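Next come the structures, one after another.
Okay, so chain A shows up in both of these, paired with chain B first and chain C after.
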Partner chain A sequence: MKPPMHVAKDSEVALIGYPRIPEQDQQAAFLKKLDDLRVSMRSLMVMLENCTKCGNCAKQCHSYLGTEDYNNFPAARAELMRRIYKRYFTWTGRTFGRFFGAEDFDADTISKWLTYFYQCNECRRCAKFCPFGIDTAEVTIAARHILSEIGIMPKFMQGIAVNMNKTGNNMGIPKPAIIDCAEFMEDEMREETGLAIKIPIDKPNSEVLYIPSSADFFTNIDTMIGAAKLFHYLGVNWTIPSTVLEAANFGLLFNVNVMREQNQRLKAAATALGAKLVIQGECGHGWRAAKMYTDGCSGPVSFELVHILDYCDKHLDKLPLKKLPLRATLHDPCNYARAGEIIEQPRRIMRACVEEFVEMTPNRDENYCCGGGSGILMDEMMEIRMKLGKKKAEQVKALGRIDYLAMPCSICKAQIPAVMKHYGVLDLPMGGVMDLVGKAMLLGDTK
Partner chain B sequence: MLYFVGQVFPYIAAGVFLAGMAWRVWTWLRVPTPFPLTLSPASRTLTERAITFGKELALFRGLWAGDRGLWLAAWLMHVSLAMVIGGHIVGIATLGNEFTAIGLTSEHSQALSGVMATVSGLILLVALLVLLYRRTAIPEVKRLSDPADYFDLLLILSVVVSGMHMRLTSIEVDIAAIRTYMAGIMSFQPIPIPNEGIFISHFFLVNLLLIYFPFSKLVHLAGSIVNRAMLIAPPPVYPSATNMRSNSIQSNVQMWRGGNQQ
Partner chain C sequence: MSMLDINGRQIEIDEDGFIVDPASWNEDIVSYFAKQEDVSELTENHWKVINYLRQYFQQFGIAPMIRKLCKDTGFTLKEIYELFPSGPAKGACKLAGLPKPTGCV
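== the complex of A and B ==
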């Protein structure tokens, strides 16, 4: 079985500190890593030992519904790990083998894992419908971690880790270019409003640290502009750290150690600045990594941690917003709606920014993933990515005419436009929620 | 042989069941949870958490939301099983006179007790057969199933069939004798098992099920609670004065590079 993505080469994985284990030692190393995880994550052990195989998750998984590949059915995907786990770590599996569904590690195990654990978007929708709450995202996080620990990972993930180490952001933007981008956006805002709205980088004595997604400096600048206008209007003393110009934390998506390092980087930046408040920009999994993992990775911390949508929502009444003449809808990023407590905030913001807000079905914590979740943005996986996005396209099409699709997450912003084009939804403007705030806010000349 | 089945085996079964379940739960609880797994939207208060917990565990909300047919079969199976187990306890203890407590006469109580037992047993039987059929009829579920998944259902079915056999056929089973026997077991002064083949089979199968239970997926009886508890944990709050998770468990986390230090 050939995995559908480019796999990082030996020299490349060594570059980020995860050298490839030679083939003859892989099984032992692999099982050792699985053993380490099962005694470190209660979730993994409980979720591997309690599935009753009722099959309720099959109809709830956009990955299975889109690809129709048996191994993408959540219980079957988890079974890829569960069978090996039973064989080596339960006495019933060791003794009775196949009767209890135990299976040996074999020559195909690694490529099967690489293939199917990278077709799970870690969206947690299965956990919503499982009668016990078995969360395949936990199993996927563990599986990807084990693979990367023995030096096996997609080239895409390795490339991002290299960029992160070199520049502090996934896009690999060096500091001079960051400052250029910030100045460019400041010019744009000056042209539009006549005001000198700043995007301060590494400004000492700032009270608030803003952590945007690096894509907001690159492809999604309207999101950054929206946030800058918000801070300007509220008179916030804020800055962006060039050392962590990245809300995303791809470590969560392929290696828990890498996740922890980046999380500590965030804490270091906030501590160095003495920030009381850290605000995370529009990024789904990054928000989960910050909110849910900071305590376990870097705790205790002395700053408050909020999301830009939460922050904006709290100050919504003060903002000079004029409703834009749009019929707009919201795609709930999985990590907000199922793992990050951001559900009603973007709705309240959007209702204040557009004339007509419509819901897609299902929505909120039952929304379908865009199909790019957990960093499945590899160009070479485009065909699979389109299948993963099939449900999302159907949801949007069912709404009829809409003028704006809000998707407040950088991965969604990279995935959904391609999905819409593929399924024939053309000329639909898309972007973040902060983009709308920026456009609806009456500042300076736009009053 | 009857001595073993009637006066020794029940203690082995009960011991294995209790120790096995405790051991399984202990193997889970001793493992740390380095990160909260809160499934949004999180319950804010203790009452809200209790409601979420109850909805999932008692009403099978997830199945209801996903597949009403499966929900019906699974929910009826579990509820009728609970009825049957409860019925065994009070029915045998009072010889069917449990409803005299709410003012019924002894005959009426025994009749009502009998009707409830028969109805619950039949629902349980049918629900189990539906679950078995489902396992073979739905392609994904069939492919996912291991021999153990069928064995679980067949073992429970064998218990139910032998029980219903006593209830629905003309075999006269002396419940009073069974009560005396069970009382002997409970008070650790076992007496010989009533020599009725169908009762002995039923009782033996129950003991087998008890032994099998903790080592099979039937352990989800406890697992569902441990798993759900992780999902309804409150999300962390920042700033955090101390590492909320460091005290008891962080030190055991084996997955970090370069040891466990922060």
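== the complex of A and C ==
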């Protein structure tokens, strides 16, 4: 079985500090890593011990519904790990082998794991509907971590880790380019409003640190502009650290040690500045990583951490907003709705910014993933990605005419336009929620 | 990674078909990649975008923001897509010899 993505080569994984374990030693290393997690990550054992194969999750998983591949049925996906676990770590599996659902580690194990644990978007929808609360995202996080620990990972993840080490952001934007981009966006805002709205980079003595997604400095600039206008209007003393121009934390998506290192960069930037408040920009999994793991990775920390949509929502009443003449809907990023408590805030913001807000069905914590979640954005996986996005396309199409699709997460912003085009939804404007705030705010000449 | 033979010169490309060493770029590569990226005929407008991308990359070591590319070349995003059907981040950067933009794009 050949995995559907480019796999990082020996020289490439060594470059980021995860050298490839030679083939003859891989089984022992692989089982050792699984054993480590068996002991340290007890929640994983709950996932592995309790599945009754009731089949509930199959109906709820967009990955299985879109690909119709048996191994993308969440219980079957987790079974890829469960069988190995049984074989090597339970007496029944050791004794009765296949008759007890146990399976030997063999030549295909690694490629099967790469193939199927990278078709799980870690969206947690299965957990929502599982009577035991089995969360395949946890199994996927553990599986990807084990693979990367023995030097096996998609080239896409490795490339992002290289950029992160070099520049502090996924895209690899060096500081002079960050400053150039910020000046360009300032010019754009000056042309629109006549005001000198700043996007300060590394400004000393700032009270607030804003952590945008690096994609906001490439494709999604209206998200960045929305945040800058909000801070300007509220008179916030803020800055963006050039060392962490990244709300994303791909460590959560392929190696938890990498996640810790990146989270520590965030703490270092905030500490160096003496910031009291850190505001994370529109990024789904990055918000989960920051909110759920900062204390564990880098704690104790001396700053408060909030999300830009939560922050904006709290100040909504003060903002000079004029409703835009749009019929708009919201795609809930999985990590906001099922892992980050950002559910009603974007709705309140959107209702204040557009004339008509409509819900897609299902929504909130039952929403379907865009199909790009957990960093499945590899070009070479486009065909699979479109299958993973099928449920999302159906949800949007069912709404009839809409003028704007809000998707406040950079992965969603990269994935959904491709999905819409693939399924024939053309010329639909899409972007973040902060984009709408920026456009609806009456500032300077736009009053 | 593999090697391409373009008019007798060996050029190393990565898994996505982008050139590995930006310094190995030459004009022959553009004609070669144009066919792969559905650019039927290279016009002055294509070169305007390619030259802009190259100049920005030489100065900043990264591709410019998409909107800056549009503003500075005078093309709308739609026009950029007409010139480079696989888009500014994929087709245009590939022809210009820039590394493939990665991350959430």
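Operating definition for what follows: the second predicted complex is superposed on the first by the 447 of 447 C-alpha atoms of A that agree within 3 Å, B and C clash if a C-alpha of one lies under 4 Å from a C-alpha of the other, contacts with A are read in each partner's own complex, and residues count from 1 in each chain.
Just so we're on the same page, a residue touches a chain if its C-beta (ideal position, glycine included) is under 8 Å from a C-beta of that chain, and two chains touch if they have at least 3 such contacts.
Only a predicted model underlies this, so the values are computations on that prediction, with no experimental measurement involved.
Aligning the two structures on chain A places chain B and chain C side by side, free of any clash. Judged by the touch definition given at the top, the superposed model places A:Pro131 against chain B, while chain C stays out of reach. In the superposition on chain A, A:Ser410 makes contact with chain C only, not with chain B. In the superposition on chain A, A:Ser63 makes contact with neither chain B nor chain C.
Judged by the number of chain A residues each one touches, B leads among chain B and chain C. Of the two partner chains, neither chain B nor chain C is touched by A:Gln345. For the combined model, the angle formed at the CA centre of chain A by lines to the CA centres of chain B and chain C equals 150 degrees after rounding to the nearest 10.
Of the two partner chains, neither chain B nor chain C is touched by A:Thr193. When the shared chain is aligned, chain B comes close enough to touch A:Asp365, but chain C does not. Within the superposed three-chain model, A:Thr109 lies out of touch with both chain B and chain C [touch as defined at top]. Of the two partner chains placed by superposition, only chain C is touched by A:Phe217; chain B is not. Put simply, chain B and chain C get as close as 24 Å, counting only Cα atoms, in the superposed view. Residues of chain A that lie in the contact sets of both chain B and chain C are absent, per the superposition on chain A.
Chain B contributes residues 24, 27-29, 31-42, 56, 60, 62-63, 65-67, 70, 74, 134, 138, 140-141, 143-149, 151, 215-217, 219-220, 223-224, 226-228, 230-231, 235-236, 238-246, 250, 252-257, 262 to its touches with chain A in the complex. Only residues 15-16, 59-63, 65-68, 71, 89-90, 99, 101-105 of chain C touch chain A when the two sit together in their complex. The touching residues of chain A, when paired with chain B in their complex, are 36-43, 45-47, 49-60, 70, 73, 75-76, 79, 91-92, 96, 98-101, 124, 127-135, 138, 145, 256-257, 260, 291-305, 336-343, 364-366. Only residues 6, 155-156, 159-160, 163, 169-174, 176-177, 180-181, 184, 188, 213-215, 217-219, 221, 248, 283, 377, 379-380, 410-411, 413-414 of chain A touch chain C when the two sit together in their complex.
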